[in-house]
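The same chain A turns up in both complexes below, where it pairs with chain B and then with chain C.
What follows is the complex of A and B.
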């Protein structure tokens, strides 16, 4: 039982990171209707910007995360303006190729600027805490707590504010949104800003328990794709639930089945869910 | 409408160019203008092109970069001192480096290119997969593979033009086992990296551990390219209450595994695969305290070879970081090859160079001997003295080798 709860906590930690990454990915999918392959690169840039802000500018961890969220959010906007906006009338394939191009560019860029080696992100919250005999570090509690807070805030933003509603409107029907007077340009930029910030936040939270290196985006991006397919492409609750499903299936699968098969377990779950609900758990009806 | 199509096409072309440019940016220091290492009589200084194919981009780029740094440093030192003389003719060294992204098929393609375009008599490659790919054709294409890998298999195939630079990893196993078992106990959990190399290591270590009366309580592997967090797997390993953890892979993620094991309350020792280096792991954990009871390869900067302090100083000045054995062994190997060329009296006959490797190793200037490698075996492996170290009371202590 003890082991089970410890593994639930472990699953909750990784699940939170996965969910944050998947949220950004699913938001952009709603706008572009293509998977943004460069999202993993934004995650990686988030890790590096936070690290640089901490080591070079001497900012405290919390402030560095905010700087990083702003910087990577702007990078997302820049991506939209320079690459995806000019391609808005091109066939979808062009968007995909462009996204891969951005991915390669950003990885090479990070290696050029920060070097290829692994770097460690220090955290002021590295202490170990034991709660009822379960081991967590404060950093892990922070990951779980901030993920939940951000998800709630995002949900309120999308459901209760006008700008949030316009993002959803545009995801549902771009031309329709345009017809009722929504500035689709602004909304697209805003979506990329949110998506980049979420990626940066996820990377900044997860980096202290792993490392910062140019290929770090690969750790999460494939899983984020699995999550948004599982949860329904473009669905916000789908990304959140999907993230935790994947986190738990990895930690519990590794414990009770076999560590070597934990990826297979995650994909078997994906197959089962897609068999029952071919469009994913929270797919929107009528689209 | 037509115009728009063109502008989009141009855009995509531009993006593609960007991609290509990005891909090619890393291995661009090969400004060799073809091979002129004909070694004929007359003429002024000649150039010997030495090939290198290793990971210079992607997840293992830091590793490829460090191995290449060792070569570059040796080449620069040799060139700055006026080159070297073979049969009355002066030669300089030019390192031609190509990126293979850690992929054996790319290593093979690179090697073909190096041999055909640059006539390299020697090609360095720092991974066992690449070495095996090259062994398919290196004897017919006539070049020496300078293999920086401790995989014993590569020198067991009878390839006559393979030189293995670091010691075989199975040399470490008795000492590691003995030390960890005596100090901590008989229960071992194995959590190495999920690469082929990690698997081979595990397959050598575990049977030996059991033969010595030990017990393997948990066995799995960690894929550092896929796992964000190691808490799950470490929790599972620790529930079997092991006395010793076998970990390994690149230094930094390995250090994270050790750190997370300590966070989860592990009090035992670590057996650390030779790929990870204690000093590099310390940079991640902050101090040696967390690595108490680890046994692994002696970190270069702690080594007491007389040539080491100078090497460390020069390397720090040039690359702004502490050198590891990757750089040092490749540095040493290039000196050995140059001396072997001198002894063989040729710069373009790989067979003759290989035959004179023993002289080459002997003639390395004392002040360049960062490791003591007295000879090369029949099989092509450097017969280095293995130096093992453990962390005791927060300090690196050399450990006597068990025969």
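What follows is the complex of A and C.
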């Protein structure tokens, strides 16, 4: 029983990271209807920028995360302006291939600048605490807490502010949003900014537990795709719930099934879902 | 007819060049490079059939390439099956797996299909990477035999292997040529252009997409099996996304949805990669942006661009001819009228 609850807590940590990544992905999908394969590269860049800000510039962890969120957010905006905006009228095949091009470029770039080695990120929150008899590092509590805070803030932003509402409006109907005077270009840029910052935050939070290396985004992005299909492409609550479902099933699967193959669980889930429901769970009918 | 003859002439020149290549170039390294690029071409033709002509982006093809290669390796080395029997079974087994995947994957559309196949590709990679006992895992798989002799034909020398691969490439190109200009090929193109319209016309889109997918997997697995017997060493990397990306680069540079595209693109990109070899692991620093820029500004590739250019010129010539004819007709009718005037007057 103790092992079970410990694994649930693990799942909560992993799920928080997945949810943050999936949120960025689902926001972009909602607005532009493109699966941004380069999102994993943004995640990876987030890890590296935080690490560099901490080791080279000597910034404290929290400040480094903010720097990283800003930098990667801008990178996302740049991506939208330089690549996805010119491709807005192209066949969907082109967006996907362009995104793969960006992904591989950014990975080669990271390898060029920071090297191929696995690097560890120091964290000031490495201490272990005991809560109700369960051991947890403070870093894990930080991950869970900040993910929840960010999700609540994002929800308030999207539901209660005008700018946030314009993102939702554009996701619902691009032409309609344009007609009522929403600058869709600005909204698209804003969405990429948010998406990049979320990825950077997720990477910075997860890196002290995992490691920083050029390929760190691969599995995460693939799992994020699984999550947004699980939760419905473009759905924000779906991304959050899906992230936690995947986090729990992975940590439980790693304990009770096989640790070697735990990464396959996500893909098996996806294959099963798409086999039964080809348009994803919660797909809107008739689209 | 004249155009047809001209195309034949071009083909004959190309075939002669390909046949004479080992005699003209004695440098063993270039021969090796050429042989490898033939393997890539076959795989890219497979991808082209499905992505270019049927309009679905499959990201699992590197995985099928790897399954073909590993099946050949495992059958010959571990099971001791004779080479050509293993070769045929490797292709058939991969095609069968492809058919099963396709049966399920093709229920999804567009983005879902791309994501689904991406995940299938990753599962294949993970299985190859983790299943140490069967595939050798990260250590790789060694000792795959070179193609066995067929009667008096021996494939032990590089030149013989070059001709063997040229034969397979020619066969694939010929099948693709016959296919694309057949009703079946036209059906695939109709599905690419509009699936709804094709369905309305009474085309069974599912059946045709599946057939196209299976055939495309077959070509890719053929390339994989040839790769295994030519390189004779396999690592899980060949199932990885970057191989998929290479295929896509070759296809896009050459021209997606064209017959000449895979040959042109593969030759050009492998040649350029040779020039950029000093970059090694960083070549994606150049190829990543190149591919992205290409898809934004020149999505038809070299062969596609050439076909468009020719079509435009033909159209301009036709318009000019038509204009000339109209002018001539006008002049003639005016002349006729003035003659009538003269008669009446």
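Convention: the second predicted complex is superposed on the first by the 255 of 287 C-alpha atoms of A that agree within 3 Å, B and C clash if a C-alpha of one lies under 4 Å from a C-alpha of the other, contacts with A are read in each partner's own complex, and residues count from 1 in each chain.
To be clear about the criterion, a residue touches a chain if its C-beta (ideal position, glycine included) is under 8 Å from a C-beta of that chain, and two chains touch if they have at least 3 such contacts.
Keep in mind that what you see is a predicted model, and the values were worked out from it rather than measured.
> After the superposition on A, what does A:220 contact: first (chain B), second (chain C), both or neither?
A:220 sits against chain B, while chain C stays out of touch.
> In the overlay, answer first, second, both or neither for which of chain B and chain C A:35 touches.
second
> Which partner chains sit in contact with A:97 here, chain B, chain C, both or neither? Use first/second/both/neither.
Touch partners of A:97: chain B and chain C.
> Let me test your reading of the model: by the given contact rule, A:7 touches which partner, first (chain B), second (chain C), both or neither?
A:7 contacts chain B only, not chain C.
> Have a look at where A:211 lands relative to chain B and chain C in the superposition and call it first, second, both or neither.
Touch status of A:211: first partner only.
> If you stack the two complexes on chain A, which partner ends up touching A:86: first (chain B), second (chain C), both, or neither?
In the superposed model, A:86 contacts both chain B and chain C.
> After superposition on the shared chain, which partner residues are touched by A:118: those of chain B (first), chain C (second), both, or neither?
first
> By the touch definition at the top of the document, which applies to A:271: first (chain B), second (chain C), both, or neither?
So A:271 only meets chain C here.
> Touching A:108, do we find chain B (first), chain C (second), both, or neither?
Both partners, chain B and chain C.
> Considering only the contact definition stated at the top, list the common interface residues of chain A for chain B and chain C.
After superposing on chain A, chain A residues 83, 86-87, 90, 94, 97-98, 100-101, 104-105, 107-109, 111-112, 116, 218, 260, 263 contact both chain B and chain C.
> Once bound in the complex, which stretches of chain A touch chain B?
My answer: residues 3, 6-7, 10-11, 13-14, 17, 83, 86-87, 89-90, 94, 97-98, 100-101, 104-105, 107-109, 111-112, 115-118, 120, 128, 135, 137, 140, 206, 209-211, 213-215, 218-220, 250-251, 254-255, 258-260, 263.
> For chain A, which residues count as touching chain C in their complex?
Against chain C, the touching part of chain A is residues 33-35, 37, 83, 86-87, 90, 92-94, 96-98, 100-109, 111-112, 116, 218, 222, 225-226, 229, 233, 260-261, 263-264, 267-268, 270-271, 274-275, 278-280.
> Would you tell me which residues of chain C are touching chain A in their complex?
Contact set of chain C toward chain A: 51, 55, 57, 104-105, 107-112, 114-116, 118-120, 122-123, 126-127, 130, 241-242, 244-245, 248, 252, 281-285, 287-292, 295-296, 299.
> Would you mind writing out the residues of chain B in touch with chain A in their complex?
4, 7-8, 11-12, 15-16, 18-19, 22-23, 25-26, 56-59, 61-62, 64-65, 220-221, 225-229, 231-233, 235-236, 239, 250-253, 256, 260, 263-265, 283-284
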